[in-house]
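You will see two complexes here that share chain A, one where it goes with chain B and one where it goes with chain C.
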Partner chain A sequence: MLQTAFNGLITGIIVTLPALSVTLLFGVLKFPNFAVGAMMTLAAYMVFALNVQLGWPLTIATAAVAVAFGGLLIVIDYLTFRPLRQRDSITLMVASLGLGFVLENIARLAYGNTARSFAIELARPFRFLDIRMNREQMITVVVSTLAMLAMYFLLTRMPIGRAMRAVSDNPALALVRGIESPRIIRWTWFIAGMLLAVGGVLIGMDRALEPPMGSSYLIAAFAAAILGGLGSPLGAFVGALIIGIVSELATLVIPPNYRIGIPLCVIALILIFRPQGLFGQPYIRK
Partner chain B sequence: MSDMLAVRQLHAGYGEGDILKGVDVTLPAGQVVTIIGPNGSGKSTLLKTLAGLLPVRQGDIVLKGQSLKDLSAPRRVRAGLSYVPQEYNVFRNLTVLENLKIAREFMADAKTRGAAVISDELLELFPDLRGKFKARAGNLSGGQRQMLALACALAVRPEVLMLDEPSTGLSPKYMADIFETVRTVNARGVSVLMVEQNAIEALRISNTCVVMANGRVRMTAPADEVLGMKDLHSLYLGDARENAVAI
Partner chain C sequence: MISFLILMATVVCFSAILALALNFQWGLGGMVNFGLAGLYALGAYSCALLMLKGGANTFFATLGAMAIVAAACGIIALVTLRVAEEDYFAIVTLGAGEMLRLAVLNEDWLTKGALGLTGVPRPLGEIIAPEHYQYFQLGLALGVLLGTVWFLNVIARSPFGRIVRALREDDVVAATLGKHVLWARVRIFAIGGAIIGLAGSFHAFYYQYIDPTQFSNIVIAYAFMAVIAGGRGAHYGTIAGAAIVMVLLEGSRFIKDLIPMLDSDQLAAIRIIIIGVGLILLLIFRPQGFAREYRLQVEIR
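Then we have the complex of A and B:
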């Protein structure tokens, strides 16, 4: 039971980064971006290319791809979403679905469907209080925690982070307070890109690299973001941990194959009983 | 007296039709101009268009000789035009301090950007915000929120302050405070363009009154003259709008 809960915690921690990306992008751009799964996949394969094919250490490869991927998402936004910015959120959501298919299949075209893994040395798992923990899980905990702290610092202490929260809170008011929304949108894509690249690598370390790897976390990421309250970074973090632990613990009573249904049930329940999520504000149509 | 802001034959609106159908308004430097008129006359639309939230379809907006019509809303703020919307005028999920910080963080002028956020001037003008800086703006009372919105708009050291119904929904105490603050701000050199339903209170601190109806200016007159009119109520309720004589 303790081991299962711990595994759930790790799953939840892996989900924090994509969930945070979902909530940041939704907050600023006001549409659910269903391409986040495929974006993680593509970024993970980019890291694979540097790490395995070029022999770069995984940390350096991840850092390089995180920055490059942030830039790539700005370009993708310019080509895909910017022309549709004035359309409704459904149009943008459908565009993100299409983009997801394209990105995932670019990875498939380049590397096929075979499962691959990063070039990392195997290490013996160690035990603590009857919990078995391997090195990849430790890295996941440390990296995700650092990423969350960095995000907290950015969103609360830095002008650009405050501006992202302001645009998310009230886009029209942000304009008349002198905040250039195109600049904030670019920053949001850049930061989301970095988070997704790191998230992709963590998933690749936890499992294996294969084209559907990112998409398989999509529902969990959305469930976490919705549970926490779309647009609330703290909510995404708490939501991800809850989703991870609940999904894993549920396997004690239901067959593991049905685990995927848990986040969907959470989405349904939260939309019925508390649509604004745990930390979100009730939506006011202006 | 030179014109701080001149609105010339302004056309703007939502969708197909124009709500503003050729509006002319002039705000002389250092003065307070209050716009009154019945609901739907285009008063708020005028302020939104001046702020850059709605595009100018025809006509021009000139601030100190510079045309603003092609500038984005943030650039208009930097040019010196600050706007307080009627509702949703603070970032509710940000703290009071964050609201004040963000108001000046994106200004081009380094002096404005670098000035202390909590200054003696701020505390003197907005004593109600004292001790509230860590509170979430969404948790403030209506009056405190309005004060915060005003403080944010002033944080950019504007030449022109535009207020959309600043007294709406406020208690008599806050209403008096708001008008007193506007008067003080104006006395310090900020020109004010205000839309207000509470005409009598607003006109008492104004130099000029503009009456709008059906997207057009029906009358422009000195505020004290309008205050003395027997049918003042009907001017902004709309009954006498067709009878009003342009001065």
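Then we have the complex of A and C:
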């Protein structure tokens, strides 16, 4: 029981990074991005190429890919979403779905469907109060916590983070105050790219690298973001932890194959009882 | 070669029915459906299981599959009863579709999991001689396709069709005018679901063997491509779009002859990449598609 809850906590921590990207991208661009899962897959395979094929240490490879991937997403946004910026959110969602298919299958084209793993040496799991914790899980906790602290610092203390929150809160007002939205959108993609690259590596360490690895976390990431209130970074963090623990504990009762059903049920329940999420503002349609 | 063309035309027919279902839900009603692959699988499996385990004949199995998928779609539409945002709805459909695909893969006692179901009966399969069967099948598929188009045309021009389009354009205005938005949405999605069930049944009849790999993301990519290329809301355009996309998809099998070192996984990946890129390019450069939606027009003299 305790061990299951702990594993759930780790799952939740892994989901925090994609959930945060979902919520940041939604806040600034105003549509849910369905390509987020495939983006993590592609980034993880890029790290795999540097780490296994070129023999770079995993940390350096991840850092390099995180920066490069942030840049890549700016380019992708320029090519795909920028021409569609003024369209309704359905068009953008469909475009992001198409983009997701493209990115995931680029990874499949390059590396096939076989599961692969990063080059990390095996280590003996730690034991603490009857809880088993292996080294990958420790890395996950440390890396995610650092990323979250960095995000908190960025969003509350740095001008660019405040500008991102302003645009996400009220784009027209932000514009009046002289915040250029194209610049903010570029920064958002860059930051989301870094988060997604790290998230992809953590998923690859937890399970294995295969083309659907990122998309399998997509529903959980959306559920976490909606639970916390779409557009609220703190909410995404709390939501991800709740989703992780609940879905892992649920496997005590339901078959583990249906773990993905839990986030879905959570989404359904929130939409019925509290559509604005735990931390979101009630949304008033004009 | 003739035989290949006939089979191809049959595939185009039931793919076009699937595209029409998406066109009704998304093109006319503005309800995006990212769970299409799972719902299509639900239709095909319901039809096959009703015959193999339930002992129904092909006609009642098809009706049953239509009812089951319509009910599933209705429930999905009900979940979003308090939020009118398309964003949430898209996420719910995506998750529901994934759940259905997981269920098909994991419920071995019912669906035989990854092995798939074999020996699905065909309509009038025992009466018509095997060498003529493909002609009959094409005729039947064409007939059902035309029937579907006729049905959708009637709906699109009926008062309910006006509500459907009004909801797509602005649901707040429709609600202000006293239309019951939630109930209309449930009906739109359920009608689309029945048509998905019809297409799924034909899928099962045609292949006589269904397994989970047939219902991958390529189904979603293909259907969206067909609807966008055909022009959202345009029925005949959607059929033309479905035909073009299907011919391109089948034609891409010949890439293997040009570049022999590709294996089948890579080939499938290339096909999805081409569709995905095509989808984005169409959305950017030709969002209205190549055909026009039906509009009531009056000549002014």
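Here is the rule we go by: the second predicted complex is superposed on the first by the 284 of 286 C-alpha atoms of A that agree within 3 Å, B and C clash if a C-alpha of one lies under 4 Å from a C-alpha of the other, contacts with A are read in each partner's own complex, and residues count from 1 in each chain.
Just so we're on the same page, a residue touches a chain if its C-beta (ideal position, glycine included) is under 8 Å from a C-beta of that chain, and two chains touch if they have at least 3 such contacts.
Since the structure is predicted, the reported quantities are computational estimates derived from the model, not experimental observations.
Trainee: Quick one: chain B and chain C on chain A, clash or fit?
Mentor: Here chain B and chain C can both sit on chain A without a clash.
Trainee: After superposition on the shared chain, which partner residues are touched by A:93: those of chain B (first), chain C (second), both, or neither?
Mentor: Only chain C is touched by A:93; chain B is not.
Trainee: May I ask you to decide whether A:34 touches chain B, chain C, both, or neither, giving the answer as first, second, both or neither?
Mentor: second
Trainee: In the superposed arrangement, does A:134 touch chain B (first), chain C (second), both or neither?
Mentor: A:134 sits against neither chain B nor chain C.
Trainee: Once the structures are superposed on A, label A:226 by its partner contacts, choosing first (chain B), second (chain C), both or neither.
Mentor: A:226 sits against chain C, while chain B stays out of touch.
Trainee: Quick one: is A:117 in contact with chain B, with chain C, with both, or with neither? Answer first, second, both or neither.
Mentor: Neither partner.
Trainee: Name the contact category of A:4: first (chain B only), second (chain C only), both, or neither.
Mentor: So A:4 meets neither chain B nor chain C here.
Trainee: Give one of first, second, both or neither to describe whether A:257 is in contact with chain B, with chain C, with both, or with none.
Mentor: second
Trainee: Touch test for A:271: chain B only (first), chain C only (second), both, or neither?
Mentor: second
Trainee: Please tell me which partner, chain B or chain C, touches more residues of chain A.
Mentor: Touching more of chain A: C.
Trainee: In the superposed arrangement, which partner chain does A:175 touch: chain B (first), chain C (second), both, or neither?
Mentor: A:175: touches chain B, not chain C.
Trainee: Between chain B and chain C, what minimal C-alpha to C-alpha distance in angstrom results from the superposition?
Mentor: Minimum C-alpha separation, chain B to chain C, in the superposed model is 15 Å.
Trainee: Considering the complex alone, what residue numbers of chain A touch chain B?
Mentor: Touch list, chain A to chain B: 159, 162-163, 165-166, 168-170, 172-180, 281, 284, 286.
Trainee: Which positions of chain A touch chain C when the two form their complex?
Mentor: The contact residues of chain A facing chain C are 26, 31-32, 34, 80, 83-84, 87, 89-91, 93-95, 97-102, 105-106, 108-109, 112-113, 218-219, 222-223, 226, 230, 255, 257-258, 260-261, 263-264, 267-268, 271-272, 275, 283, 285.
Trainee: Under the definition above, what is the set of chain C residues touching chain A in their complex?
Mentor: Contact set of chain C toward chain A: 26, 30, 32, 34, 79-88, 90-92, 94-96, 98-99, 102-103, 105-106, 172, 217, 220-221, 224, 228, 263, 265-266, 268-270, 272-273, 275-277, 279-280, 283-284, 287.
Trainee: Could you list, by residue number, the parts of chain B that touch chain A in their complex?
Mentor: Touch list, chain B to chain A: 51-53, 72-74, 77-78, 82-83, 85, 87-94, 98, 101-107, 138, 152, 156.
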